[in-house]
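I have a structure I would like to understand better, so I am pasting it below and will then ask my questions one at a time.
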């Protein structure tokens, strides 16, 4: 197994572009979302709460972005594990792990430079907006 | 999807009436409950603990009211999602979300002005008393 | 030294009257305050946040009421100890102790039945309103 | 005493401009800062961490912005009270109050619509950058 490495942290300039792309996708769908970007060190770089977004989404968006960095993978993987029940349920009390769709790592040169986390609408919508944000980095 | 907006915060005068109605419903059933009202900013406006109510219900009533404001919906929705198992279980580790029946948003002019949270008895009883409180605002 | 004992917990009916008296004093001075009453078990019985009161006063009013119960004395005593410096400063990191004026025990038959905590205005004003509330019990 | 009221929450568009102005001031001085904007409900609207800013400044910038909203005043007031010693030291254990310079309320039509919080450099530098951000709203 090849270990996915942490790369240099995403810059604020790049993080803003990621957020801008996600915000555009959310606006196009009239979704009021919270958008967070964490860097490869596991700290928040930027966060925007769109007007009328529910307060509850502020910590959730951050948790999704941090989970994607902390575990170097999309949070959707954890949602699926929980949905299978049994052993998968242990993820519900794993420290630092938020098992909700909408967190996706940002990669450059095959290394994790950060992650985006989205919260507000249905989980598939959160995932859709997160994906839109990643395209700034992944093309 | 139309976004439900936060409106102006419920006044203390209105919050007292909401609590009074809920307290009357609880008293009529001889239930010793904790009744909390949060406003549209996500802060507690008023809280009453009825005599003999269990201590554990103080933070729970507050958590239900805040969850209803933070996510702009009745907490019962989350209870049902959890009860379905599978994917629904992910709500058990959603930051700031209390998946217990008894929290209901208070709406005026189609905007969230606050929420009521009830704790003490069975969950359907908590829901019944919360509903009684909302009638002061919703008619 | 005679030990001040904890008595039976203040009832919600009494707590409401304490709050009403404090609220009247605050209103008369046009102060927007948070008023909390704890009982003799160290749990909040009732809390009212007046319209336009600062959010920061919600946890502070509770902390003052709980401090007065937890240590069976007016919080002002701790303020004065802190003000003297030296040894007094250790109170700044004493668990469960909030060294701010505005918390006063409620006594009946020489026993602590609860306490009132006020927050919002200058500390002497907080003390003044707390005192107004205690008169319901102390006469 | 006239009570300063909370007004409608600052919009994300306005918050971005406040952050942009603060970021420009920080960049001009080559200070790597964290800039947070909270709204009048006491929730974060936007946060930017400039490249190379210390991790520790992320929670501090948020705490300063929230303190300025929760207490409707610049955090510098609390710094000065602490600096005077004696009674002022009690602020060191006031729940939810961060007594560090760099948090300033944002006012519109004489109401609090939010606050800016800056952290990273010396406290006077934090204050300088926070002030630069407020000019977008205050002119």
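First chain written, first letter: the chains are A, B, C and D, and each begins at residue 1.
As a working rule, a contact is a pair of C-beta atoms (placed from the backbone, for glycine too) under 8 Å apart; a residue touches a chain by one contact, two chains touch by 3 or more.
All of these numbers come straight from a predicted model, not from anything done at the bench.
J.: Please give the intersection of the contact partners of chain A with those of chain D.
T.: Touching chain A and chain D alike, sorted by label: B.
J.: Quick check: more C-beta contact pairs in B-D or A-B?
T.: Spelling it out, more C-beta pairs touch across A-B than across the other pair.
J.: Do chain C and chain D face each other with the same patch, meaning over half of the contact numbers show up on both, or with different patches?
T.: Both copies touch with mostly different residues.
J.: Express in whole angstrom the distance between the two chain centres, defined as the mean CA positions of chain A and chain C.
T.: 44
J.: What whole-number Å value describes the gap between the mean CA coordinates of chain A and chain B?
T.: 30
J.: Cα centroid separation between chain B and chain D, in whole Å?
T.: Each chain reduced to its C-alpha mean, chain B and chain D end up 32 Å apart.
J.: Which residues of chain B are in contact with two or more other chains?
T.: 6, 41-43
J.: Write out all the pairs of touching chains, ordered by chain label.
T.: Contacting pairs: A-B, A-D, B-C, B-D, C-D.
J.: In the complex, go through chain D and note every residue touching chain C.
T.: 1-6, 42, 67, 69-72, 85-87, 89-90, 92-97
J.: So in the complex, which bits of chain D are touching chain B?
T.: For this pair, the touching residues of chain D are 6, 9, 40-43.
J.: Given the complex with chain A, which residues does chain D contribute to the contact?
T.: By the definition above, chain D touches chain A via 11-12, 16, 41, 43-51, 55, 58.
J.: Show me the residue ranges of chain C that touch chain D in the complex, using the header's touch definition.
T.: 29-32, 52, 54-56, 59-60, 63, 79, 82-83, 85, 89, 91-93, 97-100, 121
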